[in-house]
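Chain nomenclature is as follows: A, B, C and D, assigned in order of appearance, with residue numbering initiated at 1 for each chain independently.
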Amino acid sequence: MSKRHLLALFTDFDAAEKVVTELRNLGINGFNADKDMIVKSPIEHPEVEEFLGDRPVRVQWFTLFGAVGMGALMFLLIAAAQGSFFAQMKGGKPIVPFPPDFVLTYELFILGGVYITVLGFLICAGLPARRSPLYSAKVSEDQIGILVKSEESASGTLKSIFTKHQALEIQEEAGK
Amino acid sequence: MMNSEFDRRDFLKVLGWGGTAVALTGCGNGMVESGKETVVSYVEATDYMIPSVSVYFNSTCAQCDAGCSITGRIREGRVLKLEGNPKSAINRGKTCGLGQAGVQNHYNPDRIRAPLLRTGNTGEAITWEKAYALIDEKLKGVSGNQVAFLTGGMSGHTKVLLGNYMDSLGSKNHFVYEAIGPAVVRAANMKSYGVEMPRFNIDKARVVLSFGADFLGAWVSPVNFSQQYAQFRKGADGHQRGVLVQVESKMTITGANADRWLVVRPGTEGILALGIINVLNKLGVKVSGDIAAAVKAYDKDRVSKDTGVSAEQINKLATLLTERTPSLVLAGTAAEGYAHGSQNAAAINLLNHVLGNVGKTVEAAEVVPFPQMAPVTGNTVALQTLNDGLAAGKYKVLFSYGPNPVFTAPGAMKFKDNMAKADFKVVFAQYLDETALQADLVLPLDSPLEDWGTQVPEYMAGGAQINIQQPLMEKLHAETRGMGDILLTLIKQRRAAEYKPFDDYYGYLRAAVLQNKAALGGAHQPDNDIFWNETLSKGIIKFDGAKQASFSVNAGATGLNLPEPAEIDAQYPFHLIPHVNANLRDGRNTNQPWLQESPDPLTTIVWDSWIEIHPKKAAELGIQEGDIVEVTGKNGSLKVQAYLFPGIHPDAVSIPLGRGHDAMGRYAKGYGVNPFQILDVVYDKQTGELALHETRVKISKTGERVIVVKDEGPVGGNQEGQKIVPEMFTDKVNLSKEI
Amino acid sequence: MKDIREDIAWAQINTDVLKSLENPRKLYWVILFIAIALVGVAVGCEIYQYNMGLGVGNFDNPHMWGLYIASFIFWIGMSHSGTLLSAILHLMHADWRKPIYRFAEAMTTFSLMTAGLFVAVHLGRIWQIYFALPYPNMRQVWPNFQSPLLWDAMAIFTYLSSSILFLYIGMIPDLAICRDNIHSGWRKRLYTVLSLGWEGTDRQWRNFRMTYLTIACFLIPLAVSVHSIVSGDFASSQQPGWHITSFPPYFVAGALYSGCAAIITLFIILRYVFKFEEYMTKSILKKVARLTFAIAMIWTYLVWIEYSMAWFGHNPHDKHLLIEKATGTYAPFWWMMNFCASVVPLTLAFKRFQTNIPVLLAVSLLLNLGMFLERWMIVAPTFADGYYPWTWDHNQWPSLVQWGIVLGSFGWFTMLFMIFCKVFPSVSMYEVKEMVYHRSLATKKLQATGELAAAGKGAH
Amino acid sequence: MSITTLFDNYSEFRHRHPDGDVPHNPYKWAMAIDLDACSGCNACSVACYAENNLPVVGKEKFAHGQVMHWMRIERYWDHDGSEFPERGARYLPMLCQQCEAAPCETVCPVGATNHTPDGLNSQIYNRCIGSRYCSSNCPYKVRYFNWYDYPTTDNVWPAEMNMQLNPDVTVRGKGVMEKCTFCIQRIRGAESDAKTQGRLVRDDGELQTACQQACPTSAISFGNLVDPESRVHKQWRAQQVDLDKHEQVKDQAEGGTDLRGYRIYEWLAPYPSIMYLERVRESEI
């Protein structure tokens, strides 16, 4: 049973919100509001999350792991490196001096944090991503897009709901 | 020493080959890369040359005439460094900067590589055979007294050979010239001690009163004196630390180390000496009647007025001399360099007699029991005689070996022009110096590190000794010859029969030594070769229990009359003091870069000449450091940078000798000025020596200014209140307790 | 005073900014050409110095360091303001930063790259520079982790890579816009690749917000640590004039200071060459000017602390050095430094100058001249009058080679910066949209409650 | 592997010089220079040129302050306002002080200068990248940098002159820092000789630095500070100068001390290995 995509564009977030809430309330069968609905917007807009319902963010865990892990690991490596050159005794200083190592650890703590955070971002946000079947440049300009995926049967209903809320444009996936 | 069981000459050959090999491989001077040479492998190296292991050979330093024994460090056939030979009583294992630079004299890139014959203004390289033939030919039909031979101080077998050669020519004209030798002092010593150069026991003295004798710098035998000085300062055998008082008009390095540096009006050293005697007399030191009479006039107020030394100082000094005995009084360069130099020296020596130092701190030195080898010391009278002779056209053929008169003779003597009057001028030289450039034939010499020889030092520190000079490595340049070999060849031209047995100077030397084996302490050694090699490996032949020179003490004050201090010449208000720099001396070592770059101990100036002016005087004249001033005397002028120097009498200015070459290669040419050229020709009344300190000059700003190239920082040796070089006084510290 | 219009259409924003990628004013090309020429000069000098040895820079003993290290500090300092605007103000929700933080961030990146060059140029043996990297090797020789220079290297590397990531991440949505609006050529491909297929889905935005926030949080302590460590090169040495406790904050303040001044300069230039009058408004300029003034005063305070510590602290060496600075060879530069960096900024206290573009341009340039001299006056005099009086040296001057390379560094920076602004949107489109969106919401609310008059333009 | 070494020898890694728990053993090379004996004649300096392949930079570069003398003789005057320097000049041979806690060591980014087990401050030429931080941080400014490539510069070592170069000592190219090494080539030679003969280096002139060997007044003594028989050790003892103090007990005594030993910039706590003996002048005259 094939699924088909619909993309509707709206002028502003209020319109989009109405549509989303409506779609979520009346459970159309063949369409799962939590899974099959994506909102595309030109700017980052916290409200979107609220009306879309709770969708978790996990980047911070990467950050934690990256910072702490990298920091600790590097401190060990540096100390070990110093420990393994006997030739490089520095007058007046111990061979494994803490203050310098802490400075370096601090830098590496941040380095690890940033790197792994970025990694986490790419993973969580699923980037780089394959372009989704329906997209309009308008979305990156000034309009809010709602992309839904549903059974053939449900798509009709969805389309009517979109038109009801004055969707500026409705793209429909060419039938296979 | 490991070298006593084999023949030195094979050894040297070996060394030489190895030397080439390493010179090329080790130092990458491009010969191998360019395919001009091939690398010699070590596969067949002999036992004597182990790669990376140094061997050491003893020889004698020829950088000055003090005769320090040196030990050369040789690796892969190259002499790398010279150290002092501890066995020598003269330098006891020590060297001065000048001696260290000996290797740069040896490796100097500007050495002459082949005999040069003048054709017009260019020198054409010729073979030695041709050169010798030429000399022979030129000497034909020339009577002995038309031949002149100019050398520096000489001793040992070269001197003997030269003497014989002159005989063979029937010539008496051997001129021995030293530009800055202590000739007047020698004469004065002869008068008062009966020897030219007694032994000075600085280490035994409690007080040393030196009248301009720069014995730590350039005077007679500096390395030996420096060691004695160290002893003297430490207060050896429980005595308290010795006191050094230096009297001079321009501070020398010795003055810089004095406990009290007394600046006197130039030329009044003798007056001060007599003044001190006068005070001593008053303090109850017994002096003979004539001396008392001689010094009566010199009461301390007058002396103080004449010399500029405060009466109180004179008192203190005299008291010190009475309290601490024995003392030692030295007459040096600054005292002798005047028209009344002999008088100064005599007066100063008299002080030694009065203080009873003669026999205690002034002793007769032992002498080598071979009078014919004894050193002949040079003086400037010889130069004048030669110069006059040349001017009169008396000499057809002139040989010159050692000194560089065109550079060191006062310009007013016109030596260069007079030299031209001789038909044929032969110069034996290592470099194309000013004199060599005037020659018709220039014969390239071995460096002292390539040559054989014997030397008897003029100043005998310990017992009598003969120094051996032997090659430390194979010749650098195939076409150079040792002076001994040259003389031998020349003399063979005259007396072939006598010198037939010696095919070279080495043979001559060896034969000469073995002949006197017993006298040279080889009685116990039957085998000649072993004895010879032992002698070479020692590098010194010592004569234990050699007898001292006869020491005739003459404490009279007869003929002692010192002139009034010179008035200030209105037109030429300054005394010009040509300063003898310990490293550059009379300029024969100026082409050794280490010496050029080693800062002058007092001004820290390098690579250039300067004129020292007292800051007070400079302020009057509006002169600042770095101003180019024109120094004008009766005999010409020169332009030189000014340096404000507190250690000089305001009526005097000083320019160091030795720089200002316009020849002698890349490291010497064009650096600084040559004060010899503007010296007034004034003679010491008694000896007829040139009085180097008698020149009067005036100075004027030219308006140009340069940055003085020196090591000293902008604050000019000010400690800025930091504890960098603190100072203690003897009432606070006792050195004799120290380790 | 004119500010960004709240009713400006989002589409308009896109087109305006995208125009900057197409046709700047002539002046753009002039600047770019001069910059490239200067780089040429520097390359020439460097080749000469590489072949002859550092002596051609006229260094000596004791003048071991010269303009290179001074410029190094200068460029590091320059980089800090980017972080200030993008990170600190981001956390403080100062929305006026949105139109200008992108080029500030770029400035950070490129000035760091310039600073990095000086580390290399300064070395006696550039070709051995990899010795300073901690790479594993059989002989187990590692760099000396005790050396402040190594801390520098590590800090700068961290800072540079983090800034680049920060800049890039923040630019992804805009790259998507470019992708959507440019339909041909290498740019199309470039943007397509770089935008990573961004479509502005809710999921992407969610994680984007979190990431951007996190990195911002990291960047602030990082920026502070970087210049503290640079100051450590001096403070942790033993020399008079360097061994000063107040150096880290002093350096950080100086860094922000010169950075802000540089932002003003570049703001004015960009505003003109890319016709950004609409977005880089005078009201923003005013805020930056005020910020600069504040930091200038902080810096002045710290520099006076330094002087008084030298003067009243009983260290003869420090005191002597201070006197030498004020009266010795370097006096002209030292006084000019104090004038430019402490007196000139006072003009920014006046409202009418805060928006007067010619004045601001002149002032900002003077401020940076002052800050450059300040760095030089930190480095050179200590060599001229260190501890050891014998080696004091008052007549050493940087040779033309040194000056050439320093000039070239300005060219190098400008070149990179100008190219960047031509290739990438130097005004953040999506954030300007957010800005006007939120402002319009706010205004709507006010209109609703009829308090528009009361609020006025106070919101910003 | 390195981590295990780290844990095994941890306490060892935490000790510091010179006041650490581990003394120098068996060697600690040090010097004592008697300024009363030093006559400022520059023989040491020239000897150093000869031994250590120092380039002669020539007038131009000397004028730029780029001279390379590892051992420099400094001449100071008493600035007491008198017209003439009646107590002569003060000479100070200044060379690398071989500090125990050397300011130069900690700052080198590549660890090209280190503290050796026998108490030297070593300089590794081929590790040096020429950041010149060491010299910047040296209070005595006794480190010298190769501003030019002297081996290939005209008239520094022209043909023949280069045959004098000491094969035991590297000829430094451009861009590296150098300084007095206490003639490390001689030290290593003597140490290994002694080792092969199963003894310690003797204090009988078996090992001399070039400057010490040349010095006509024997003002310089050099030796093993931990060997109670060595002259240097005795001198330091007698002068009550302790290596690991940055303020000597004797100096705190009332009315000063009658001992001459002192170290320059002791209060900076670099713990120099060279003790100078104050110059003395006669109080009677």
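The working rule: a contact is a pair of C-beta atoms (placed from the backbone, for glycine too) under 8 Å apart; a residue touches a chain by one contact, two chains touch by 3 or more.
For clarity, every value in this text was computed on a predicted model and none was experimentally measured.
We define each chain's centre as the mean of its Cα atoms; on that basis chain A and chain C are separated by 31 Å. Computed from the mean C-alpha positions, the centre of chain C lies at a distance of 44 Å from the centre of chain D. Note on chain placement: the centre of chain B and the centre of chain C lie 67 Å apart, centres being C-alpha means.
Taking each chain's centre as the average of its CA atoms, chain A and chain D sit 63 Å apart.
Those residues of chain B in touch with two or more other chains are numbered 707, 712, 717-719, 724.
Across the assembly, chain D contributes 2, 67, 72, 74, 106, 111 as residues in contact with two or more other chains. Residues of chain C in contact with at least two other chains: 140-142, 144, 146-147, 150, 387-388, 390-391, 393.
Shown here, the protein chains touch in an arrangement that is not a line, ring, star or fully connected set.
Listed by label, the pairs of touching chains are A-C, A-D, B-C, B-D, C-D.
Chain contact summary for the complex, chain A toward chain C: residues 38-46, 48-49, 52, 55, 57, 59-60, 63, 78, 81-82, 84-85, 87-88, 90, 93, 97, 100-101, 103-104, 106-108, 110-111, 113-115, 117-118, 120-122, 124-132, 135, 137, 139-142, 147. Interface residues of chain D facing chain B in the complex, by the touch rule stated above, are 35-37, 39-43, 45-47, 49-51, 56-59, 62-63, 67, 69, 72-79, 83-92, 155, 157-167, 210, 213-219, 231, 234-235, 238, 258-260, 262, 264, 276, 278-285. Across the interface of their complex, chain A is touched by residues 9-11, 14, 134, 140-142, 144-147, 150-151, 154-155, 157-158, 161-162, 165-166, 169, 172-173, 176-177, 179-181, 196-211, 214-215, 218, 221-222, 225, 229, 232, 430-431, 433-434, 437 of chain C.
Within the complex formed with chain B, the chain C residues making contact are 316, 320, 387-395. Per the touch definition, chain D reaches chain A in the complex via residues 1-3, 5-6, 9-10, 12-18, 99-102, 105-106, 111, 114-117, 121, 269-271.
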